[in-house]
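Each chain gets a letter, A, B, C, D and E, in the order it is written, and its residues are counted from 1.
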Amino acid sequence: MKYVRGTTIVLVLWYALAWVLASPIVPFPHLVLVHLVRSMGEGKTYLHLLFSLYRIFMGMMLALFFAIPTGMVAGRFKALDQVVSPVLYLLYPLPKIAFLPIFMVLFGIGDLSKIILIAVIIFFPAAVTIRDGVKEIPVQFLELARAYHLKPRQILKDILWPAILPRIFSSLRITVGISLSVLFISENYAATYGLGYYIMNSWVMAYYIGMYSGIVLLSLLGLGLYIVIDGVERLVVPQSAL
Amino acid sequence: MKYVRGTTIVLVLWYALAWVLASPIVPFPHLVLVHLVRSMGEGKTYLHLLFSLYRIFMGMMLALFFAIPTGMVAGRFKALDQVVSPVLYLLYPLPKIAFLPIFMVLFGIGDLSKIILIAVIIFFPAAVTIRDGVKEIPVQFLELARAYHLKPRQILKDILWPAILPRIFSSLRITVGISLSVLFISENYAATYGLGYYIMNSWVMAYYIGMYSGIVLLSLLGLGLYIVIDGVERLVVPQSAL
Amino acid sequence: NKPKTETSANTTIEESIRTEPLPTLKVGMMSAVDSAPFYHALQEGYFTQEGVDVELILFTNGQNRQTALQTGQVDGAMTDLVALITQTDSDFALTGTLSTDGDFPLLATGPLDGKKSVSAGTMEISVTNYLLEQYLAPKYEIEKVFINEIPARLEAVVSGQLDTGIFPEPFASIGALRGLEKIVFEGIPSESLNIIAFTKSAIAEKESAIRSFHIAYGRAVADLQRNPELARDVLMKVIPNLPPAVRDTMHLPEYHAPRLPSDGFTKEIIAWTGTVTGREYILEPSAMLDPRFVRQ
Amino acid sequence: MVTISDARLDYPRHIAFANFTLAVKPGEMVSIIGKSGCGKTSLLYAIAGLLPLSQGTLSLTGGTEACSIMFQQDRLLPWKTVLGNVLLGLTKDYVGQAEMLLDRMGLYGHRKKYPQQLSGGERQRVALVRSLVRNPRLLLLDEPLAALDEQNRELLQQEIKEFVITKGITLIMVTHSIQEAIFMGSRILVMQPDGIRFETENPHHGAKDLRNRTEFFALEKVLRAQLGGPA
Amino acid sequence: MVTISDARLDYPRHIAFANFTLAVKPGEMVSIIGKSGCGKTSLLYAIAGLLPLSQGTLSLTGGTEACSIMFQQDRLLPWKTVLGNVLLGLTKDYVGQAEMLLDRMGLYGHRKKYPQQLSGGERQRVALVRSLVRNPRLLLLDEPLAALDEQNRELLQQEIKEFVITKGITLIMVTHSIQEAIFMGSRILVMQPDGIRFETENPHHGAKDLRNRTEFFALEKVLRAQLGGPA
């Protein structure tokens, strides 16, 4: 229901923009929807969707696999933070696209390099969010852990992890958005499937109706991922509802 | 001191990568530093730095100016969140680069469109972080505000704002990184100054030493901004040190 | 056709007197050898002498240039036939007025002879895709890999992930500095694929300025034909970050006096573009080319 | 001042209290005692308008605006100093009264500290001052002195009593100390989850030597018996 | 069991306590009373190894591993149920004892709730169970029953006393209730920021009818006098 309302608002804004600009660079929504519905009949459309979904999912998993421990270690141990944070700060601002050649040389031009590129892009915001989250854990709980002689594994499982779980979901939400919106970078080479590829290719052809229907798909893919993430959060953070 | 250590680690990694790849795409750090030091003699280098700093600063201010109220409203008022969040979720994944045409039509190809592009890119992660932060404010404090009949302005000033201040700094850190690393998108058209322009320009000519010295500057600019942000945070979140 | 001396004399005299500024023209350029005559004309003051105040904007990214053109941020830009065709089909009223001269060698780690199948990097919706077929189709089976960003394409060839790739000059010469072999196919394509296109509104509102623009171009080409070194000099000057070694190794095209592709060639490209994009273009060359400015 | 009739308050899967009827006249001082978990805090929440009743009616002269609650947990804002916490939502005009009250509670020297730098009892006193300083017409106190030593406790009972009587404030106070309930309350309730178990006026409430009177000990015995065995 | 000599603990710009010397024998039960802010909590922190002494020495038989502290604030983890909180850091083997203790404290029915769903006194009892269930050799309790009604309080004093004596646990307990201090302590200290003001053995500690003995009231009077005027 609320998503219907949100979609309506976006459509209204879109119509307004299309009407104001009166230019083919912003086609009217109904034209795009017609095109989209027609293209849903083709198997190719689903391949674009699936390829992108696969790359994003793998990229996010890979990024979190490294970002969660990095952020936790940096947030928890001051001495290590003194080393980790400056490195994060120095590497975060690098324009990842400029490193495309390196990724290609190291990981080839196949899916692996695309996934790693996505992972590298979202690793940094995820690691910073998680580090900041760990730093905000109330000192009372950390004292409690010390007082009850929890082993590092238990501190992780019983204190740190549940305390930052909401942050991890928050950073998931941030990274989903980022990784979808940078798909075009990673699907810009040696790709024949993927929404990023489809969008850029349509753009190169100045085929704005096609480009916008790709964008709508991307947007819906994002919305779907967000609904999943919000749902999983409600499941695994039980106390949040109390 | 800790930044020296961080820089050393990055340099070591860089040397290792350069040595492993043995390719001009990763020049040795000392070559880049020599080039960099030489270019520091030219006024142009400072212009690149200043232009980028200006665009980033304005873009971030603009983004936060909208993201903070949006995130606060969405996090605080469930009814409004039902409208705001779906819109955020739908628009966040859009590849902002694909909207370059719209930005150009609306805001030209000058600094305004570059700043707005940066602002739009970082608006979404900032708004989502702040919204999630407001949602995590302990319900006790909100009850307290109700019990003591605080006016909306006071709730904002005395409860919400200080409670999410650490989150705002967290989102500042995220957005600084993002906006620096996407500078190349916005400074990729009709620019003659700016680190993003300089890096891309060197890149398209495969002029890697130049590109890397631009990247080093970008990285140092980022580090500088991070040091400022961390410092300001220590100042304005006094209780964090207790 | 006014005599040149008269025109230049008039402008210099008038400039000091009149307060009304010259009509302006913003034209997008690319870091390609095509741009030499334009920058030469600018440098020599030919544009102002012919009565137009030209601003050349150098783009590093073809897509951004195309977008600037679509949104009217520039009056015209250096583009190519394939882009012109797709744009015209998508309701972007553009008009090609002037063929420019570019050069697109292949780069390869070694000789391609003896190979049956060749993997080659190019961009999908692009003249380079067409050229690649023209160069290689007769002798090889081509396995195309689309890598839009040129430096990325270069690394794919250098690192051996691709047998070859197509690169515009002067970038091809930069790649050659990396130890790659530059392969030039003389006589292909039969006519130029690159073209200057103006927006319909620019054509309508700034016709005389555009005419002056072409005349100045013609004068610059004449200079370059007489002395090709001038082209190398101006390219070295205006394209940022060109390695000095490239100056003498880059393969310059033969610069032609203002001209346009023939209808036959244009139709061939229209048909070819259709096969790549999978769309049907019902276009007449006259719908997108305007020969008025190149007619002597 | 407060009229509650046949009130019930439910949590999901739990009834906090039911069957609760009470009318408090202006200027009255009502002490509530009852076993842990019998719904005292929930009752104060309902009166303060922080939780809606599931059933029954509740009305307040002057509305919830007129009332001020001191929570069982101190809920001091970590980003404000002691004085800042006390003045939460108030104008500068209250600084004088805030400092006076802090002084009377032995906290003047701590007024610039942050809550994290205080002991448990100090925090509780700050929260108490915060609820007093705004001169409410109805004051709700939830075990306000539980974290204090006995000497401080008796002293502060006296301070609160004086403050409340001087300002004409109506008081509803939850406590676990029977003696405190007698000393503070002009009326004393023994609460149970299913309503008021026992209710008595305290005629000697105003007496100076209350703590040493035999009526005091008699009442204590009665209340202790009414409280019954442990939950 | 615990030996503290000439200990001092400083916060930035504040001395929590100084000049503190104490030796506790195994099995002893030490009650500590003292004014709010006199450094009791800080002392327990130091013994538990959570804060370093600024001066003096402190040694514990068995190290801090052997000790378990119950904090003044409950510090229940909001993401764990009551049972989960109690079993924090323990293996499944402790479930039986945990449930038994929860039952004895009247919390068995609440064991699957989250802390946010409990009343103040219930939360405090959960925190108490959490500190007991791990059978420490040294148990540190910081006002463990402050949020409880008097009946529950006396009952739980009895429960804790039995538990501690049966298991041979050494107890150091901070309380504000003089009666509680006498009932629980085999030794009673009156603490001041600058050291121990008064110290006494409690020879009748083991007596069944302790609460009704005249010695009880005599001792109460002495301690009350020693506590002195309010801070």
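Operating definition for what follows: a contact is a pair of C-beta atoms (placed from the backbone, for glycine too) under 8 Å apart; a residue touches a chain by one contact, two chains touch by 3 or more.
Values in this document were obtained by computation on a predicted structure and should not be read as measured data.
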*Any chain in contact with chain B as well as chain E*: A, D
*asked:* Considering only chains that satisfy the touch condition with chain B, which of them also satisfy it with chain C?
replied: A
*Least step count from chain A to chain C, where 1 means the two chains touch*: 1
*If you average the Cα atoms per chain, which one ends up farthest from chain E?*
C
_Given that chain A and chain B are copies of one sequence and touch, is their interface built from the same residue numbers on both sides (over half shared) or different ones?_
same
*Round to the nearest whole Å and give the separation of the Cα centres of chain A and chain B.*
16
*Rounded Å distance between chain A and chain E, as computed from the means of their C-alpha atoms*: 49
*asked:* Using mean CA coordinates as chain centres, what's the gap between chain C and chain E in Å?
replied: 85
*Junction residues of chain D, two or more chains touched*: 73, 117
*Which parts of chain A, given as residue numbers and ranges, touch two or more other chains?*
23, 25, 97, 101-102, 105, 200, 203
*When you check chain C against every other chain, which residues touch at least two of them?*
70-71, 151, 154-155, 158-159
*Give the pairs of chains that touch; include all such pairs.*
A-B, A-C, A-E, B-C, B-D, D-E
_Complex contact set, residues of chain A against chain E_ = 140-141, 143-151, 154, 158-159, 162-163, 165, 237-239, 242
*Touching residues (chain side chain C, partner chain A) in the complex*: 63, 66, 70-71, 83, 86-87, 89-92, 123-126, 145-149, 151-156, 158-159, 161-162, 277, 279
*asked:* Show me the residue ranges of chain A that touch chain C in the complex, using the header's touch definition.
replied: 23-25, 97, 100-102, 104-105, 108-109, 188-192, 200-201, 203-208
*Which bits of chain D are touching chain B when the two form their complex?*
48-50, 64-65, 68-69, 71, 73, 75, 77-80, 88-89, 114, 116-117, 134
*Using the touch definition up top, name the residues of chain E that touch chain D in the complex.*
11, 14, 33-37, 40-41, 72-73, 106, 117-122, 125, 142-143, 146-156, 176-178, 224, 227-231
